[in-house]
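The following pair of complexes shares a single chain, subunit A, combined with subunit B in the former and subunit C in the latter.
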Partner chain A sequence: MSIIEVQNLTKYYGKSRGIVDVSFAVEEGEIFGFIGPNGAGKSTTIRLLLSLIRPTSGKASVFGKDVTTHGPEIRREIGYLPSEVFYYEGMRVRDLLNYSASFFPGDHSERIAELSDLMELEMNRRISDLSFGNKKKVGIVQGLLHSPRLLFLDEPTAGLDPLMQRKFFDLIRRENARGVTVFFSSHILGEVQRLSNRIGIIREGRIVEISDMRSLQQNNYKKIKVCASNLDAAAFALPGVTNLQPENGGLQFFFKGDINAVLKQLGSIPVEDVTIEEPTLEEIFMHYYE
Partner chain B sequence: MNIYLRELKASLKSLLIWCGVMALLILIAVSKFSAFAGDPEMLKILDTMPPALLEAMSLRAFNLTTVTGFYGVMFIYFGLMGAIAAAMWASDSITKEERDKTVEFSLVLPVSRSRVVTAKLMAALTNCVLFVAFTWGVSVAAVQSYQPDAAYYRFLSLEMAAMFAISLIFLAVGLLLGCAMQRYKVAGSTAVGIILAAYMLSIFSGMQEDLAFLKWISPFKYFDAGEIYRSDQLDPQFLALSAGIVLVCLVSAYLAYNRRDLYI
Partner chain C sequence: MSLNIFLHELRVRRKSVLVWSLSITALVGFFFSIFPSFAEQAELTQELLKKFPPELLAAFGMNHLDMSAITGYFGFLFIFVQLCLAIQAGNYGFGLVSIEENERTADFLLTRPVSRAQVLSSKLLAALVCLTVTNLVVWAVSFISIEAFRGERAYETGVVALLLASIAVFQLLFLAIGLLISVLVKRIRSVTPYSLGLGFGMYTLSAFSGVFGDVKLEYITPFKHFDPAYIIQNRDFNTPFLLADAVIILICVALTYVLYIRRDIHAVS
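Up next, the complex of A and B:
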């Protein structure tokens, strides 16, 4: 059974598009990266899964339970870190965390102490006095204090300094090693690349690709640079070649398909230098966005 | 329980302000009353005024020179304040979560929306009970020097029951507006607008015979102080109507909030 299962999920806000016909599944223990530019529908998808908003059509289930009918039950085992954290301004950090913990059965004081220590929280500060980054740190502790089975992170690193980001990623990796499934949305590819096993790419409300990290980088595309004198671009206009462009007296392109076709072509001309490499996620991403 | 307690704490300041204003209103009014307490000249002056005006101010039903009659005139202010406070508490407790963008925290906790609405409703209801009780207490204390008779206490208890009933109606209306309005930011001011419109209607319905049907529309007319004084009870017909309005508003509020899209 998948931890998250989304089938043909569609959400319109009145007439404006949220997401259209989105389907994917996230398995237990995965870190699933969800990438797309601003306004692509990442937060909409997460809010649908948290039953903050109701789908226009389609179905979504978490832990095998439908999100529209079993919201409270599902949320007992979910942790959520929104991109921007808002809490009751007048409360102190300690009270806010205890208030949050009071909704989950069991005693969480030890875990609160441990997490807030790690995140260097000042427990007696008022929420209204905290900076954006410090609120985010409270959000991390609040999202994790009840040891959820599934974590939703929506642009989680925004506002955190690099040191905190590293601590945060270590924490997420540790949670993941304990078996926690992570759904991680971001438009920063580097961090998704570092953390995720599998990614989904969303664009203008629709999923354009779901693939595991490795096959996305290895099996799909190669980035090829060729240097040669009197190089004729037309020679590389093979099927599977995209983004063909001159660069520093040579050529650069992406290739998807049987690599032998390119090698044969390379063998037929005198080349000075060739590099064949994995494209970065960034480049794959830009490719999907053109 | 935790949501309820947090709501109470969050609205405590507002409750104290409302109580302060109410105490001030009663004290100022009672000190004005001292000017015509037991003064027959006052009645003569009132007799020269046009009847429609007196009706509008509900001065016709009461003998303003007795403390009971004076409280009959005061009732509309209690009703208005109770209504506005109740509507604001109810609508604000719901809409502030979206306005302050805290829905992404409070509704991601493992609680159903119905439970959230119930807790907030209970907190607003508690405020209403406390507000009426406070008004009652100050009223008793403020008129002690006029040695009120048993009839005054009886009438005051009916007035406070009526104030509570009006509060309940607008509590439910406020809750519904907070839960259902897409433009949640104006829910509170819409509620106050409805209350003032209802108040105006209650005045018009008393001024002209052919506008009498308006009394069915305005909750302020369900509990008319003059009528309560004459009949020595709250009209059961209007009590039933009020209960019906409260019920419809509450059920609609729950339904609307459960279907609502919450986003910031």
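Up next, the complex of A and C:
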């Protein structure tokens, strides 16, 4: 059974598009990266899964339970870190965390202490006095304090300084190693690349690709640079070649398919230098957005 | 019901209940403190009031009230108490769930493992407790003020109690209407204009319906449903209105549950 299962999920806000016909599944123990530019529908998807909004059509289930009918039950084992964190301004950090903990059975004080220590949280500050980044840290502790089985992270690193980001990622990896499934949305590709096992790419409300990290990078595309004098671009207009463009007296392109075809072509001309590398996620991503 | 939400709500409204209770206490106390001298010159006052245009007197509900008697005087000042209570109850109604969306805490609250119905019930119950506390304060301060300033004058406890008993329904009405409106509109940016608008609007409507006589406007304003002059004269509530109000309250609350459970909580933008 998949931890998250989404089938043909569609959400319109009146006439404006949220997401259209989105389907995917996330398996237990995965870190699933959900990538797309702002407004593509990442938050809409997460909000649907949290039953903050209701689907226009389609189905979504978490832990095998339908999100529209079993919301409270599902949320008992979910942690959620929103992209922008807002809490009751008048409360102190400690009170807010205790209030949040009071919704979940059991004693969470030890875990609160441990997490807030790690995140260097000042427990006696008022929420209203906290900076954006510090609120985010409260959000992280709040999202994890009840040891959820599934974590939703919506643009989690925005507002965190690099040092904190690193701590945060270590924390997420540690949680993941304990078996926690992570659903993680971002438009920053580097962090998705570092963290995720599998990614989904969403564009204008529709899923354009779901693939695991490795096959996306290795099996799909190679980034090839060739340096040679009197290079004829037409020589590389092979099937599978995209984004062919001159660069510093050479050529650069992406290639998908049998690499021997390119090697053969390379062998037939005198070249000065060749590099064949895996494209970064960013480059793959840009490719999807052209 | 969720006890932690209920307690949280009580904590949030603590200050507001205190301020409203103190304000109404000051209002009732002030009015009664001038009652002895007012009543002493009762005849003069009655003479004076006769010179006022009847429309003006009607607007303040003074055409049917004997202002030199304790119940009559209380009925007169009770309208202002009603106005305060209407604004307070409206405040709680309009803000009950909308404040979470406005201050963007809805994401936090509604991702806890509780149902929307539980959230609404807990909040509703907390608001009822707050309104009841205010209600009890009004009861106490009314009788204390009357006893303190009535001197030798007698009054009918039953009639005063009847007026005070109307408070609970009156509060519920404004709470329920405010609540329903708050889930009907997309977003309430600030609660105060709504509750002031509803409170003063209904009050003005009631006042004008007195000015123009029989204009049927009274059917929509709760201030007319619980017109102190009517209650004092008839020693009873206006039963059809009372029943209608009970139905309105139930419908508003029921609709609120339906709408709130289905409501989309939009992302921060």
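Please note the rule applied: the second predicted complex is superposed on the first by the 290 of 290 C-alpha atoms of A that agree within 3 Å, B and C clash if a C-alpha of one lies under 4 Å from a C-alpha of the other, contacts with A are read in each partner's own complex, and residues count from 1 in each chain.
As a working rule, a residue touches a chain if its C-beta (ideal position, glycine included) is under 8 Å from a C-beta of that chain, and two chains touch if they have at least 3 such contacts.
Note that the structure is a prediction, hence the values are computed from the model and not measured.
When both complexes are superposed on subunit A, subunit B and subunit C occupy overlapping space and clash. Of the two partner chains placed by the overlay, subunit B and subunit C both lie in contact with A:100. When the two complexes are overlaid on their common chain A, residue A:132 makes contact with neither subunit B nor subunit C.
After overlaying the two complexes on the shared chain, residue contacts for A:72 are found with subunit B and with subunit C alike. Overlap of the subunit B and subunit C interfaces on subunit A comprises residues 13, 47, 50, 52-54, 71-73, 75-76, 78, 80, 82, 84, 86-90, 99-100, 102-104, 142.
Within the complex formed with subunit A, the residues of subunit C that make contact are 2, 4, 8, 12, 103-108, 110-115, 118, 262, 264-268.
Contacts from subunit A toward subunit B in the complex involve residues 13, 47, 50, 52-54, 71-73, 75-76, 78, 80, 82, 84-90, 99-100, 102-104, 142.
By the touch criterion stated above, subunit A contacts subunit C in their complex at residues 13, 43-44, 47, 50-54, 71-76, 78, 80, 82-84, 86-90, 99-100, 102-104, 142.
Those residues of subunit B whose C-beta lies close enough to touch subunit A in the complex are 2, 6, 10, 100-105, 107-112, 115, 259, 261-264.
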